[in-house]
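Two complexes are shown next, each including chain A; its partner changes from chain B in the first to chain C in the second.
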Partner chain A sequence: MLQKKDNIMGFCLLIPALILVSMLIFYPLINAVYLSFRSQLIYELKGRFIGLANYIEILQEEEFRNALSLSIIWTAANVIAQVLLGVSAALLLNEDFKGRALARALVLLPFFMPTISIALMWKWLLNESCGIFNYTLMQLNIISKPISWLGNARSALFCVIYIGIWRFTPFVIISILARLQTIPRELYEAAEIDGASKWSQFRYITLAEIKGVLLVVILLRTMFMFKKLDMLLILTNGGPGTSTQTLPVLVYKSAFAAMRLGKGAADSIVILLIVTIFVILYMRITGKSQEEV
Partner chain B sequence: MKKFLIMIISITLISISVLCLQGFANTISISYLTPETDPKSMAVDNDIIKRFEEIHPGVKVNIQHANLQDVLPKLAAQLRAGTAPDVAFFSPRMVPGLVEQGFLLPLGDLFEDIGDIPRKFVTPTLDHKIYDIPIHMESRVLYYRKDRFEKAGIKPPTTFDEWLKAADALTVVNEGDGKIDQYGIGIYGGMPSNYFQFSSMLWANGAELFDENNNVVIDSPEAIEALEFWGKLAKFAPPGVVNTKNTELTMQFCEGVISMVRFPGRLLTNIDRYNPELASKIDIVPTPFGPSGNAPLVHACINSFIVFSGTKYPEISKEFIKFYMSGEQYLEYLTTAAPGHALPIRSSWLDNPEYFEFPAIKKHADIIRKSMELANKYGTDFQLRHDTVNPYLGEALSMPVLSTELNKFLAGHVTAEQALKKIANNWRKRFGIK
Partner chain C sequence: MNFKKNIPRICLYLCILVFVLYSVGPIIWMLLSSLRSKTEFFNIPPTIFPKHFTFINYILLFRETNFFHYLLNSVYITIGAIFISTLFSTLAAYSLTRFNYRGRNLFTIFSLFAYILPSVLLVIPLYLLAMKAGLIDKLTGLMLAYIAICLPYCIWLMRAFFRSIPIEFEEAAFVDGAGRLRTLFSIVIPLALPGIISTTVFTFTVAWNEYLFALVFLNSDLKLTFPLGLNNFVTQFDTYWEYILSGSIIVAIPAVIIFSLAQKSLIKGWGGGGIKG
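Moving on to the complex of A and B:
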């Protein structure tokens, strides 16, 4: 009887949170699914039901295929570089050296700056007429005329990926560094006594210890980078042409620039399905880690 | 004692409630949605509203802001929620769509009442009624450096051919180091608004986006010719045309990097701010016309006031617009944020001494007067190309394929024909038209 009362009390306490979650997550999600089956312009009160037409359009669309492949390139390049650089930097920052505190603060700085500031700052640094990059290269006689870094398809993609790496690597550093600091020194001392090389110590102690965090970080970075919009929108708006138009940029343009809410919703549902794969993987990994604990 | 205290508190609370309710009952409240979000414009709006409320006791104007990109999504959300504003400052390109949905109130009586707005600047609608009151026009003309033209011994261009030759002549290569020191022209190629510049070239070459029967004709030979010309012109622009927008163009012109630029009057404010000495060295001409065109052109970009049909107070809403567009309010609006940019659309203001004596206007009076005259003579805008209503226009211009394909062309990814054919086919497919 007491347990039943507790259950009712527990459920009652959950109600406010459930209402909030329903309003903020489930309603928009259901509404997006509903909209994806409709043709609805942004200023129309009522659209019309068109079944799977938006999804069929997506499958036939060259822009969508292009955006999907760019999203994969953008995400993969960013995640691989962020993880490699992030782990390396974390290992370095975990060592004792003079000025370590300052180095840690400086390395983490890009992550704490607002995206809008970072995007605008890079846009001006790379500017053709007055950017410091072109100015320096011209002063050094490396180039004879300014390079349009964000105006050329290949260099634009390279630049946005580079800026993404610069901006988000600190997240990997923080996560890995936090885990590194909890590895007992005794493990390394014992390994050294046993004659283990530095590489063996890294492989069998460090890597084994940070493996769980690393996997979570890789999944989180993959999800975050896959749906990154603001930085790309400010830096290139998907251009030149569609050279940096990833899926989120395409969704934004479909829904708000083209004013087609239904098509934008269908695009975002496809993104949701892709990201869901990573969410399931993330849940499995975190669930497994908790079981191990 | 306790009972007495409770009674006193209850009476006080009831009295306050009644007084508040009475206050609310006597107040008429209208809302005004505007995309003018820079601090100076916001101050002007607040000032005008304050004055309006002073001479209309019991009327309260609640101002709502949304920047240009967000104004339509915000309005869409408001329309769905049944909380649309009473009055809005809006792009006339969306007017036919809103009229079709029954969202707008006819404003013919207000138009007559104001009396001096040229009818040609009002958006055509299906029922031939007036649903928008143009508030100003932005005259997009070709600014050029008089001193450089004189030095090069050339006249300001009137045709595409002369324009290209001028751009070539004014692109100066310092032979010593092989670096270009000065470019002929600045080109707005960045997404999503590059179609503004291209459309002017298109019109100046006798082409259209849609014909008078609303058939898509953006891929006509004349249109392809205009885009190819734009590409040729871009060769005399600083690198990075595909990312160049107004900020870059302003900087390039004020710094002397370029010698010509198509721009609205905001350029004058920027010259005052960044390089005042330039003011005496510049002049304007309308956009030159191409081999298939026959007259110069000015893109007179219009912005309008609209009133929503759901308003409870149509007369007060109209009164607010009339007040805004009259006397010192209109003068303040036209001269505060970017003098010379938002030009008066009321014809009686063409010779308004108060306007031309205003210090910021007086400084550039010749250019501003010329801008107004050119806009009145050659001015056109997307929604004004034909007398017929184009229900597809707003959506067509908003479709990313337009700016993306133009951008791709400027980046050298596609030819002019490929770009325009793709835009045309997308439009035809989307709207189910020829």
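Moving on to the complex of A and C:
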């Protein structure tokens, strides 16, 4: 049924998408690599070739090392906490109880709200002069005077991580809960009859069943958190100082605050390389489970 | 009543209650705050429930600021991005799953790779491109950027859906003498509706939330989308909490409604479906 003429028509259906993807993704990607070998300021029409100078600068500068270690802390803390909290919450929400549908809907809200709403909301809650957070802590005599939580180098990183966990845990909950619901009840009943303890039921049935999804979720969360930029820009803009300046924030600052597009491009290529490692892992794992299914 | 027997039950309810409060407590506090007058914001001690419920902040937001403009800009860009990326990705995915030509697989793999690309990498070259094309500070430029971000994943999603639709339906239509395009629009697209819902929700999420590209592309106040508009209520001298809180609630309403309606097909898209590729 599939003839040559037909295939030409089929290719025509791809053309609109092909043009947009080539122009707006493929070409920019190549251009980013090209830019990373050049020095170009934002108001210049043309830059000049400087070879590996941008990359050598990256290897030598303190700012990049700081950003890289902040990125690792930010990503690791977020992913670990989101997974632990998300799996626990999914297990709770998988139990039978009154009001389950409502509880499930409510816990997803942080993830469904627009980024700007939740970022500004947390600024309001943590606000120095009238935030509920400071007020409560002062009432409980934990602190004696209001703290500027996001304006203080020591607490800012802790706060943005807490907000990241609060916002993105629902992603883990949805994914794990969807999988938990497909585990047949008979498995637990059989284990019960065999006299298996609750713990070994969890260990050998629940955990074994969700292992595949869990791995994918961990990888996805790691990639997403590593790339995360908008929330940090709104909450702290990398500050105070450079205390929350992760790699993506550094790219933004290099390119659009310091106006060095070439340096920014080089920074972003490093991010791409790191993310690519996780992509390859992801493809391996999903490819494997595809064979198993 | 056996109290001891009920202890695990009570613990369960308690844990769930704590977790629900942890999740929605901040949002409820924001909602309650937005419903009090500005003078009540700084009351010490803060009143949990506003003394006088009032919509004054919401009214002033629309009367005194350009918020309505920001909202319209966002709606325009979001609808445009949804329409184009859904249409193009549907056509492309149909082409990729039903026809045979060289480079098909390469394009598919590149689509997945493109989805993972950090947007911060694309923003620099796309900014230069928009400069050359005269699309800086234009809503169309921003819409194009959002389509670029969304299209690869939409293609990937639609491709998975088309693959799950048995080809026999189309063959039956062929036998009845329907042409390729007619089969596509009358048989395949109705069957792929869950996929189309997924791409719509995905594109909506990106376009409705996006901050970085808007920040880099837009300059003039009347062109801003709401994430920038709302953030601009934090000024060097004063923070207009009354506008920020009420505006944040308003823009959250469509997002929460759309997510709640589409939850099921969404989970398929990134939970189970994502694993099966």
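Everything that follows uses one rule, which is that the second predicted complex is superposed on the first by the 268 of 293 C-alpha atoms of A that agree within 3 Å, B and C clash if a C-alpha of one lies under 4 Å from a C-alpha of the other, contacts with A are read in each partner's own complex, and residues count from 1 in each chain.
Basically, a contact is a pair of C-beta atoms (placed from the backbone, for glycine too) under 8 Å apart; a residue touches a chain by one contact, two chains touch by 3 or more.
Note that the structure is predicted; figures quoted are calculated from it, not measured.
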Report clash or fit for the pair chain B and chain C bound to chain A in the combined superposed model.
clash
Which partner reaches more residues of chain A (counting touched residues only), chain B or chain C
C
Looking at A:Met259, would you say it contacts chain B, chain C, both, or neither? Reply first, second, both or neither.
first
Of the partners chain B and chain C, which touch A:Cys130 in the superposed model: first, second, both, neither?
both
So, A:Ile25: does it touch chain B (first), chain C (second), both, or neither?
second
Tell me the contact category for A:Ala153 with respect to chain B and chain C: first, second, both or neither.
first
Go through the superposed model and pick first if A:Tyr43 touches only chain B, second if only chain C, both, or neither.
first
Looking at the overlay, does A:Lys145 come into contact with chain B only (first), chain C only (second), both, or neither?
first
Check whether A:Leu232 is in contact with chain B, with chain C, with both or with neither, and answer first, second, both or neither.
neither
Among the options 5-13, 23-31, 59-67 or 221-229, identify the stretch of chain B whose C-alpha atoms clash with chain C after superposing on A.
59-67
What part of chain A is shared between its chain B contacts and its chain C contacts?
129-130, 256, 261
Hey, which residues of chain C end up touching chain A in the complex?
12-13, 15-16, 19-20, 22-24, 26-27, 29-30, 33, 41-42, 44-46, 87-89, 91-92, 94-96, 98-101, 107, 110-114, 116-126, 128-129, 144-145, 147-148, 151-152, 155, 171, 174, 180, 208-212, 215-216, 226-227, 230-231, 234, 241, 244-245, 248-249, 251-252, 255-256, 259-260, 263, 266-267, 270-272, 274-277
Which residues, counting only chain A, touch chain C once they are in their complex?
1-2, 6-14, 16-18, 20-21, 24-29, 31-32, 35, 89, 92-93, 95, 97, 103, 105-110, 112-117, 120-125, 129-130, 132, 135, 139, 166, 170, 174-175, 178-179, 212-213, 216, 220, 223, 227, 229-230, 233-234, 248, 251-252, 255-256, 261, 264-265, 268-269, 271-272, 275-276, 279, 283, 286-287, 289-290, 293
Please give the residue numbers of chain B that touch chain A in the complex, ascending.
69, 72-73, 75-76, 79-80, 94, 97-98, 101, 103, 177-180, 190-192, 238-243, 248, 251-252, 255, 257, 394-395, 398-400, 404-405, 407-408, 410-411, 413-414
Which part of chain A faces chain B closely enough to touch in the complex?
41-45, 127-130, 138, 144-148, 150-153, 236-243, 245, 253-254, 256-259, 261
